[in-house]
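Letters A, B, C, D and E mark the chains as written, and numbering starts fresh at 1 in each.
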């Protein structure tokens, strides 16, 4: 009868695991640092130590033991060369290569590698600091000879049922694209696939089109996560109506917070992608900007949906409160009914249980049946009164 | 006495079926996928698989078995030719025809047809992708030699009492208009009627005026749906005041969500129609833009009304909560009244029911009437006290 | 003791009739269509049947049996001619007359009359459609050779205590003004009075100044209605503090909704009047625009006040909820007090009412007074405890 | 034990009189027109009777018996002349005087005086109407040869603890400033002082600088009123935490409303002062505009603070509601505790109080102590259970 | 069992001291002026006495006994000279020095020093008044030959667990920077460190870069404070879920208010830093503006996070209210259960405790066991009923 026990009976389905996992986290069954992580995604980490000079290349994310993985992909309409590099220097020729070169770096914890890249491609030191100090707002910075774009890469962590936010950095130069991820990921795989298959349009276009394709792949991910959120919201609403337990409320609260994380991550992207699609930089062709506008539309659609889901979750909280108030009212009615009928009757019984010597009624033969009849009548009229007032 | 039992007595009328159907859905009497569909309209589907190249012509809506229906309508002030085509190629001549040609396609699930149309009319591949991947925000895209406009076509599904959102796509070229619907619908019938009756102004105007007429027909539909929402809101408020049951609250919640769907669909239309009425494209004449401004006004009016209805529905939720709180208070008063009067009296009766041997009062002749009188007085003064405090 | 019974005792005064009438409507004592009308003012009627061609002159308001009344008023600084016309054709000369001509039409249900006017003055068909299809947002449309302005004419219906919204249409031409009202009204009477009295400035100014004077007369009406709302709000707040009954809450809810109607009507007027005061049309002189800015200021002031009243009404709802919660708390305290004191005592009495044969206490002489003393002490210490916790 | 009795024990201090006075008003101890006045400041009075011609000079405020007081102050860097005038005509020479002339009029109820001033200084009739019809939004109107500025002069009425709003009108001409107040006030005294002391910078600057100094004096007053509001808010929050009575809630509500009045008055000032600091009128020098920008900053700061105080007051209402809910919960726990322990025990006692002839237990010697022991054990285990659930 | 007693059991950790200290303040254990200070940071102090002439250099903050500390730092790429000055005059040579000079003043309570600085550097009198009258909004004022920038310096006071807001003023001239702090602080130490270490980029850049470095140091501090807020929020949410006591609510309320202070301080900074990064003043080089844009991004990130934390805290309040409502419901159920089972049974016992002479049942041998059995059955069926309704 604990108010916060974990009830898992009832509605079944894929999404139901969402709520259960969420409840485990919230009920403290799961290790507390998980909750901490939830909060950590909202409060952004300081970009660098107060007062240190700008341009530091210290990675501010969670350091991992894995090696840094560097992959180079050079292509034009005819040919494609793919290579895994052991050091950055091998990639250096691409700078002046006429075909498009794409250098992808997975892992940011080696400042030396970042410094080499920065120096070779002549990148602004603030740009490279933004790559290393992850946890920033999505943004586009135009440094004339290169464009920096940071995107939140979202993924849905099935075990803890929380959003994971990773920062992707894209740098667009005249004929090359640099991409940086915190961990080895698969979000760019479909683009890589399209590059490998020779017949794709993508091979015959420039580096700016590659940036578009990468942005598009990231944004498309959002829709899948939204679908999972939508499923969870649906399932919670079903529960709320059928059996509003405190767990459901905690689930709604968890959902609200994850949506807060989602919104906070995606909101600034609107501006960044919009800037890309309107930039007057010579690095981006007008033909590509038409495609970028499409991504922009999708980002707006994602934001719209997140806001709508937030509205829905708000409505659920209100529904829960009204529902609890209504139930308390029901409980009260039962209590009042029982008490109102039997307390007066008990009083009457008490009166005739008194031990006074001179209580003439006690000796009348018909007194007992009369009192019983009176009690029945009194109880009945009480019932009738409550019926009339629609309490029962 | 179940808190969520389905009461259908009371207020009668056309709109009352709305709430009942809504309640059936919400009470789970109706198959659960209906609820799922409600949510599906809020969370937009991904436009295409992550990473697939842009320009794919895969229909993203619910596939239907029905054939694609293609209708061609060519007209100028003098003549009108109407034809149902079996393949797109038959329509191809219209491209250069001097009279206005209107090609309407019902059903988007055959990518081959879409590709043929795209290639023949020289449409941008993103444009045609937007036609096929339904579930997008309303928008206007200006591709110099053609204008793409997507509109949400709303219809009110009487059985499930929910809004259905379908995407209409309009493409305006120099002397032709292409329209795409997901299913065979009747929204354009009145326009077709006007075209057939030779005396209408519409026959002597260009393709842009046809686009205006089609937009106008779609937007006019919204008003009828608004009226149905208004009726439902009215009826619910009546119930809320006369007999606030949990069902009514669920009905209000359902109404709120349908309004959320409505707003989400229509909100971006404001911008799209506004862009049409201000565009500097040579495809749209200034005379037509005067008419388009009229449609723009209507869209704003629809949005205003949706927002007002949302405000009303919000007020209803608050009213319900206050009302439940008030009723609990009433119930409490009855309980307190009964308990406060009879519990002390029962105590007194209990005292004289004790079996002590030396209770001198018990032997006095006047003791019993005296105690009875005292009890009456005590009960009466309690009543008087509660009366004074306006509890009864 | 019905929770929604109609209590009219207490606060007296002129405004008190407001709430009472509102309650009658809301309690269902008044015919239900009145509530329907309340909603009808929020959900605007469809402008015309879906798909009918634009330019239809069908009146969309509530048709009345009364005749259409046409009044002509021609004036310049020297002379004034006033005439009631039986047909529009008599008015036609005014079109080219050098003095200012003002044609006022009360009643819009005769499309023939509207058509004649449209054709004679060469008005755009959409303009005339806007005149006939009432229930539109306030707006200004500039058709180069004429300016169309629609204004909401508000009046406060004393019996049902609701706002009535009527659409006024003003059309300004080079030397004439056309005005259209749905019913015969008196809002323009003061302007007519000023025209008749030869010494007014208004006689020596052009048609644009007449439009200003008419707008000003309409907007001034709003202030009087605001005052009535303010009185009602005041009275309700007084009631809420002195005696918060559910009726007051319904009254607050009614007030909120009427304010919603008010805001929805007046809000777009701001833009319309602003457009008039900034228009570059040659029909409006700069001197008149100075005056129009004054009207604009007044409209903003009205909107400000409506918003503030809405804030106040919101605060009242919260106050009511807190107040009910507080009262429930008070009731609970009384119940708990009575129960906590007498239930334990009754138990003690019950113990000594048991019929065991071996209860030695029962035979002690001092047992009865001892138990009575103990009961008194127990009850007293309970009281002291509650006193200490500030429950009494 | 009345829920709304006036408790003044507890927190003491200067601000405590605020709440008490507020409560007197709200409890109806003070004459009802005071409440009416509170509302009167929100609902602005109609500027003039509907339909009267513009330019009327009828004072719309509360008429007072006092005489109109006219003070003239002429100065340049060298000399200063101060004079109390009995009629306006004496002031007329100042119009063309090369030194700066400042004419201050206290009292607006004599239309004749206003008319004389208007005619002499050649002011627009709408300008002078705005002076007379007080209760307007703060605004700046630029009439080329003069600038009109209306400011809300706020003062804090200690007895009724409400804000008083008075309209100040400032008119700036080439070398003169006209100021109008509804009543004799002291807000301009410090400026007058600075003018009198010959060494102030103010004497060597033009009329525009005088306007700046006057605005600055008015805005500085706001800060002092804000401090009083801040003190009141603090004190209320202290009460809310230590002893949340309904009076405190009423006090919070009163505070909210006064803040509403404050905001409504000051909000439009931002725009008006901003317009002054950016105006391109030749009447205002750029040097003065630097100072005006300073006033503009202060106005923004005032608005910021009012908004923050409103947020705080909102938080207080929520805190109160939660606190009442919590207290009800506490009360319920006590009741449930008492009832759950003693009602079952009383039942047991009742059983052995029955008068059946064949109840073998009654005759056992150990029965009475056994039952007593059982009762003790039952009560004890109840207590232990509630302890475990943290109810006690 | 006091509703507001201080429970500190449960969750442990660094942040837990936050809430405890907050509760001490709120429970009145700490001296009341601390609460007053909380409010004092929201309601800004009047900038100067109403009516005093502008340009007064009176310090409006809390005066401290400490001396004013003046430090001078002159540097160029080659050399750096650091000096603690006893009077301002010693610093005067820096005005025309070609290397960059940085004069830092800690303590503003000596108007004489401020006046000397103002006169020597030829600063506008309003500028210097803004330095002295602390408690202003963050802002940037461009006085052509110098730029004034005020920043809120936030620090987190561990003992009272409140934000301290101090005003920093930065003045940028052609080759010098003046900084003013209310108290001796350490926020600029890291910048000083970087200047001392000869190899930093900072030494070879101009005065504008120094301003950037100082702004950056201040803004970086915000992130650390945000982290502390985030920890506190996390810990509170944990408590709210595990054991929602009124203390937690007070803690949430305290957190909300501190966030209000935070937002109010930082919000205007966005505009000020934005103005710096876009200014066209010749004092700021374009290269520095690139860096300033970085600070601008950080400020936006801080504001975003504050807003998100406010959303979270709001959600917590709602969660608390729902949770209390739920617990009341639980308590009610227990009460109703006990009462509903035992009150009817007690009545039955009461009936057979009546002393009527003719109660035939009393004499039947099987009557007592029959009644007991009936009681058991009644109680059992009650339990079954409640079980079915899921109350237990």
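Going forward, a contact is a pair of C-beta atoms (placed from the backbone, for glycine too) under 8 Å apart; a residue touches a chain by one contact, two chains touch by 3 or more.
Keep in mind that this is a model prediction, so the values were computed, not measured.
Trainee: Using the contact definition given at the top, which chains are in touch with both subunit D and subunit E?
Mentor: none
Trainee: Which chains sit in contact with both members of the pair subunit A and subunit D?
Mentor: Expected: E.
Trainee: Considering subunit B as a copy of subunit E, what rotation angle in degrees (nearest 5) results from a C-alpha superposition of the former onto the latter?
Mentor: About 145 degrees, rounded to the nearest 5.
Trainee: Measuring centre to centre with CA averages, how many angstrom lie between subunit C and subunit E?
Mentor: The answer is 42 Å.
Trainee: In whole angstrom, how far does the Cα centroid of subunit B sit from the Cα centroid of subunit C?
Mentor: The mean C-alpha positions of subunit B and subunit C differ by 26 Å.
Trainee: Could you tell me which residues belong to subunit B and also touch two or more other chains?
Mentor: Each of 321, 325, 327-328, 332, 335, 339, 343, 346, 350, 353-355, 359 in subunit B touches at least two other chains.
Trainee: State the ordered list of ring chains, commencing at subunit B and continuing via subunit C.
Mentor: Listed round the ring from subunit B, with subunit C adjacent next, the chains are B, C, D, E, A.
Trainee: Which of the residues in subunit B end up touching subunit C in this complex?
Mentor: Against subunit C, subunit B makes touches at 187, 189-191, 193-194, 200-202, 213, 216-217, 220-221, 223-224, 226-227, 229-231, 233-234, 237-238, 241-242, 290-291, 293-294, 297-298, 300-301, 304-305, 308-309, 311-312, 315, 318-319, 321-323, 325-330, 332-333, 335-336, 339-340, 343-344, 346-347, 350-351, 353-359, 390-392.
Trainee: Write out the stretch or stretches of subunit D touching subunit C in their complex.
Mentor: Listed in rising order, the residues are 1, 3-4, 26-28, 32, 35-36, 38-40, 42-55, 124, 126, 136-137, 139, 141, 243, 246, 249-250, 253, 256-257, 260, 264, 268, 317, 320-321, 324-325, 327-328, 331-332, 334-335, 338-339, 342-343, 345-346, 349-350, 352-355, 359, 361-365, 367-368, 371-372, 375.
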